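Below are two complexes that have chain A in common, paired first with chain B and then with chain C.
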Partner chain A sequence: MHSHDFVIQTRALSKRYGRKLALDHLDLAIPRGRIHAIVGANGAGKSTLFRILMGFMPPTSGEARILGRDSQSLTPADRARIGFVNEEHTLASWMRVSQVTAMQRHQYPRWNQQAFDNVIGHYHVLPEQKVGQLSRGERAGFNLALALAQGPELLVLDEPTLGLDVVAKRAFLESLLYSNAADDCTVVYCSHQMEEIERVADNLIILERGQLTHMSAPEDFTARVSHWVADVPFKGPDPRTVPGLLEMQRLDGLHHYLVLDQDDGFEHFLRACGARNAQSMPVSLDRAVNAFLAKHHAAPAAA
Partner chain B sequence: MIDLFKGELLRFRLWALVAAAIHLAALGFLSRMVDLAQQPLQVYQVFAAVYAVAGALLGLYQMGSYRKPNQWLSLLHRPLHRLRIAAGLAGASGLVLLCAVAVPILVVAAWQDALTARVVDLRHWLLPLAGWLIAVSGYLAGAYAMVGDRRYSFAGFLLPNLFMYSQASGVAMLAVQGVAIVFLAVLLAIAFKPDPTATPRHPLALAAVALPVQVGAYFLAWMLGYGVELGWTVTGTHPLNAPVPPKGGTIEADRADGKDLLLLGLAGSRDPQAALWREQVALSDVHTRYPLRHLPTWNTLTNPAPLEFGDDVNNTLLVFSHDRARFVLRGLLDNRPRGELGVGAMQAPFPAPTLPYGATYLFNAQAAYQYETEQQRFFERIRLPAGEVMASPPEPAGDNILVLSDRAAYFYPGREAMNGLDLLTPLLRLPMPGPVGQLGRMDAIELLDGYLVSFTYTWGVWGGELQQPYQQVVHVDAAGKVHDVARRPIHIDLPAAYSNRNFWLSPVIRALCLGARDLFAADDPLAATPERVPDSVLWLAAACGLLSLLGALWLTARQSHAPRARWAWVLLCGVVGLPALASLWLLYPRRERLPVPAAQPAQAAA
Partner chain C sequence: MARTSPLMIQVATGDPRPIGRQIVDAVRMKIATGELAPGDQLPSVRGLAQQLTINPNTVAKAYAELATEGWLEARQGMGLYVAAPRQRLSDDERDRRLDDAIGRFVNDVIPLGFPPGEVEARVAHELHQLAPRKRA
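And then the complex of A and B:
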C-alpha cells in the first residue's frame, strides 16, 4: 500500500514526559475508509498520539503523518480536511447555536448543510439557544453535526460520549451511524465504551503503554480470546504455566480461564492438569478487551 | 478572522459596557470634585496602573480560557492561519478596551471642554489614546504570559513597566507605548501556535523571546541585592541604619545639616580665612537648595504638579494652557471664563510650561515671574541666560535671592526683588564645579563680602551613575570673584560591587535598559551622563561573562541544539552574562533521551 492509502501513519513514534514514555516507538498505519476504534487503558498514550497527530505536540522521536502530511507542519487547508471532536465538546458557550453554525459555515469551504441538518435533526436543538444552555448530550450532537458538516476526510472522535447518559449515547451513535457524511470519511473513534466499539467499529486498535498491541476487526479479536470453564479438583494448574492466560477466576468450584490465541489444544492442557471436564465459551468484546488490557496493568511488586 | 472577532465581541460586550459605565461614573464623580486635567503625576500613574491591570486581567482571562489543551486544540484546529485567529481574539479585546478605557476619558474630556471653563489642551485629548495604549500593552502582556511557556512568558509584564521609567513625554511617550505594543504583539504572535511551549527556531524570533527573559533575570538578580541590604540591616551593619553614619561618606553628607556640612567642607581647607569662616558658619543661617530633577515640557501628557494657582483677591483661578502658552482665568465662585493672561503688558506667551510656587511666584525652564494681584498681570523678574535652564527657582538667601541654573548659581538683589516688579539683574554668578545632574545639594551662607557656598555631588551613587562623589566649597566675593576654598572627596558607604551590581550583572543589559529609558526622549539638561565604573567592577563583569560562558557550555551539552546555535548561545552568554545563561536555562528544556526501543508485540499487525 502507498503512504497516501493511510490516513494516519506513525513510524517509531515516541514521546517522553520526564521519566515516563507515553509513546514507545509506535508503528501504526490506519488505512483510509471505515471506522477505526482505538482503545487502551488510561495512560496508554491515546491523547498524546492525537495531540502529536494534530500538530499540538512535538514527538521526542519518530515520525507522524496524517492524511499524508507531516503532523508538525499542517496547513490551514489540511486542518479543513480533518474533523476533531473531543470529550469536552468545547464550543463557545456564550454564542447561540445559529451563530456558531454561521461561523463554522463561513470558515469551512466544504461545508455540507445537509449533513449538518441530518445530524442536528436527532436533537432538539433550537438555533436561538445559547450553547451554554444545551445539555451535554445536545452539545455532543451539535459538535458532531458541526464536525461532519465540515466535510472532513478524516474525523477523529476522542471519547465523544464520555459523561453522556444512555439515551444521549444512543442518540450520538445513531446520528453518527446514519449520517451519509460519515460514510464519506474515515472515522477514528477513541472510546472506553466497548458496547459502542462493538457497534460502530470496523477495525479495532489496541494501545498499551504507548505501543500497538493489536489491530484487526473486532470479531477477529474476540475470536482470539476464549473462555474456558474447567472442573479441576484442588488447586488447579499454576497460573504461570497456563498458556496465553489473560484472566483466571474460581467460581462455585469451577475454574474460569480467559486465554489468548489458544485452540483445542488448551482443552488437552486442562485435562492434563487434572480437569474432569473442560468447556469453551464465546467471549464478548468488552470482556475480551478488558482482560487483554488488565493483563499488563501495573500492579505493586508485592502483589 | 472576522467570525472569531465577532464571537469575542459577543463574549465580552457586556463586560465592556459595565466597565465603561463604572469608569465613566468614577471619572465623572472625580471631575465634579477636581479638575482631572490638572492633577499631579501620581494621580495619572494610579489611573495608568489600573488600566494596565485591567488589560492584563482581560488577557490572562481570555487566553486562560483557551489555553487548556482541548480548548486550545478546538481554537487552533480550523482552516485559518494561526495569526488570523490571534488577530481576531486580540482585535476584539482591543475594541473592548477602547470602549472601557478610552471612550469614558474622551467623554469626560469632551464634557470638560464643551460645558466648563476648564482648560482642555491637545495633550488632554491624547489621554484617551494613552490610556488605551497602556491597557492594550497590559492585555498583550497578560495574553502572552498565558499563551507562552509559563517558565518565562511572565517576563512580558516588564514591558508595560517601562512606561514608569521612560523619560519620553507627550507624543514621544505615545511612540514608546506603540513600540512596547508592537514588541508584545510580536511575542504573542510567536507563541500563538499549536505548541506554544516550543522554542522558536528563527533567530530573530528567538531573540525577541529571549530579550524580556534576560531583562527579567537581570532585574530579578538586581532586586535580590536588596536581600543583601536586608541582611546588613538584620545584622546591624547597614550604614543607613547606623545611629551615626560612617565618617566622610555620602550618607553623612546627605544627612548633615547645612552648618555641619559646611564645616566638614572647610575642615581640610588651607585657605587663610578658613578659620574665620568656620566661626561665621556657626553664627549664620545656612541656605540649602536641592536641585530639581525634572522640568515640565511642552505637550507632556501629565503634570509634575498642577499648573494652576488661585488669586484669592480677585476670586480667580489661573490655569496654564499648553496650547495657548498663557494662563487661562476662570472665576473661583462662578466658574465662568475670565480671559487669558500672558507675560507683561503685551500678554506675551510664556516660553515654556510654567509652574506656580509660593504665593505669587512662578517659574519655567528659562525664567521666573511674579503675579501682581492688583494689576492682575505677570511680571518677568528673572531671566536665565540663553542655553541655561532652571535647576532651582528663586528663593531668599539672606538679603538676596538665590537661583540655580544647570550651570551656575545666581544671586539677585533682594531689596529690588521686594520693592519692584522689574526684571532683575544678577549681582553674582557662581559657576557650578560639576554637572547639576550629580549635585545632591547646595549650601550657602551669606558673608559680609559675598557668599561661602558648598556644592555636594552625591546624586547617583546608589545606582552607580556617580563613582567619585565630592564636596567643593567655593567663596564668591561681592565683586563676583570666585575662588575655590576646599575640595573634599566623599567615599561611597556601600561596597562598589553592591552599588554597581546593575553593571557587572550585565553591562549589555544595563546599556539596553538605559537606552529603553531614553527612547524618543529629548535631552534632559538636568540629568548627568553615568560615569565610568571602577576597574574592579569591570573585572567582576568580565568574570561573570566568563562564568556564564562556561555555564552555557555545560548547559547546552544537556539540551538539544544545532552546533551553530549552540556556539551562538555560548558566545551570547559570554557577552551578555548571567541573564543570558538564565534565559538559556528557561527557554530550553533538558534534552529528552529515549531508552533502547523494545520490540513491538508480535500480535500487532496491520
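And then the complex of A and C:
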C-alpha cells in the first residue's frame, strides 16, 4: 500500500510530558475511507495524538503524517482538507455565529453551504447569537456543520458527543452517517461511548499507554474475548498461570474468567486445574473493550 | 410499481451479537416465518441504516451475507428482493445441522424432567406456528 492510502500515519511517535510518556513510539496507520473509532483509557494519548496530528504541538520524537503531509508543516491548503471537531467545541466565544460562518466560508474554497445548512438545521442556532451563548450541544452541532461544510477529506473528532443530550447526539450521528457531505470523507473519531461506537465504527483502534494494542473491525475484536465460568474447587489456578487472562472474579463460588484469544483449549486448562465443569459464552463489545483496557488500567497498589 | 416492504426489526447495542449479525438473524427469521415473502423488496441500505441509526456499511455487509446465502437477490439497479426458496445447504450439511440442533435441545430439555410426549407435542406446536404460511 502506498503511504498516501493512509490518512494518518505515525512512525515511532513519542511525546513526553516530564516523567510521563503520553505517546510511546506509536506506529499507527489508518487507511483512507470509512469511520475509525479510537478507544483508550483516560491518558492513553488520544488527545495528544490529535494535537500533534493537527500541528498544534510538536512531538518529542518520531514522525506524524496526516493526508500524506508532515503534521508539523501543514499549509492552509492542507488544513482545508482536514475538519477538526474537539470535545470543547472551542471557537472564539465573542464572535457571532454569522461572523464565524462568514470567516470559514471565506477561508475554505470547497465550502458547501448546503452541507452546513443541513447540519445546523438540527439545532436552534441563530446567526446573531454569540458563540459563547450557545449550549454545549449547539456548539457541537455548529462545529460539525462548519467542519462538514469545509468539504474535508478527513474529519477528526475528539469526543464530539460528550455531554450532548439524546436528541442532539442523535442529530450529530445522523449528520455524520447520512449527510452527503460526509460520503467521501474518512472519519477518525475518539470516544468512550461503546454504544455509539458499535453503531458507527467500521474499524476499532485501541490505544493503551501511548501504544497501539489492537486494530480491526469491532466485531472481530469482540470475537477475541470470551467469558468462561468454571466450577473450580478451592482457590483455583494462580492468576499468573491463566492463559490470556484479562479479568477474573469469583462469584457465588464460581470462577469467572474473561480471556483473550483462547479457543476450546481453555476448557482443557480449566479441567486440568480441577474444574468440574466449564462453560463459555461470547461477550458484548462494551464488555470486551472494558476487560481489555482494565488489564493495563491504572489501579492503586494492592494493599 | 414495486414498493419496499417495511422491515420491522430492532437492533440492540451491548449484545454479544454484533449489529450486522442481528440484522442477518432477524431477516432470516422473517423469511423463514413467511413474514417476508419471495419478491418482497427490502429497504435500501441507507434507509435501513437510518431507521436503525447505524453505519450504512453494517447494513451493506449484512445484506451481502444474506445475498451470498441465497436469502436475498439483487435486481440490477432496483435493490434487493427476497429470493425464491431453494435448497441452500447440501443434504449432508442439513442432516448434520439437524443432528446438532436436536442434540443441544435434548441436552437442555432432559434435566427439566417433562414426559417425552409433552415435549414432542410442544415442539410440534411451535413448528406449526412458525411454518411458512404461504402454503395456506
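Definition applied: the second predicted complex is superposed on the first by the 294 of 303 C-alpha atoms of A that agree within 3 Å, B and C clash if a C-alpha of one lies under 4 Å from a C-alpha of the other, contacts with A are read in each partner's own complex, and residues count from 1 in each chain.
Simple rule for what comes next: a contact is a pair of C-beta atoms (placed from the backbone, for glycine too) under 8 Å apart; a residue touches a chain by one contact, two chains touch by 3 or more.
In this text, all values refer to a predicted model and were calculated from it rather than measured experimentally.
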Residues of chain A touched, compared between chain B and chain C (which is higher): B
First (chain B), second (chain C), both or neither touched by A:60: first
Partner chain in contact with A:34 - chain B first, chain C second, else both or neither: second
Contacts of A:202 with chain B and chain C, given as first, second, both or neither: second
First, second, both or neither for A:216, with chain B first and chain C second: first
Which of chain B and chain C A:94 touches, first, second, both or neither: first
First (chain B), second (chain C), both or neither touched by A:284: second
Which superposed partner A:194 touches (first chain B, second chain C, both, neither): second
Partner chain in contact with A:170 - chain B first, chain C second, else both or neither: second
Chain B/chain C common contact set on chain A: none
In the complex, chain A residues that touch chain B: 12, 14, 16, 21, 24-25, 27, 29, 31, 51, 54-58, 60-61, 76-77, 79-80, 82, 84, 86-88, 90-92, 94-95, 99, 102-103, 106-109, 211-216, 224, 261
Complex interface listing, chain A residues touching chain C: 34-35, 170, 173-174, 177-178, 194-195, 198-202, 218-219, 222, 281-286
Residue ranges of chain C in contact with chain A within the complex: 13-21, 46, 49-50, 53-57
Parts of chain B lying in touch with chain A, wherever the complex brings them together: 3-4, 6-7, 10-11, 69-74, 76-81, 194-195, 198, 592-595, 597-598, 600-601, 603-606
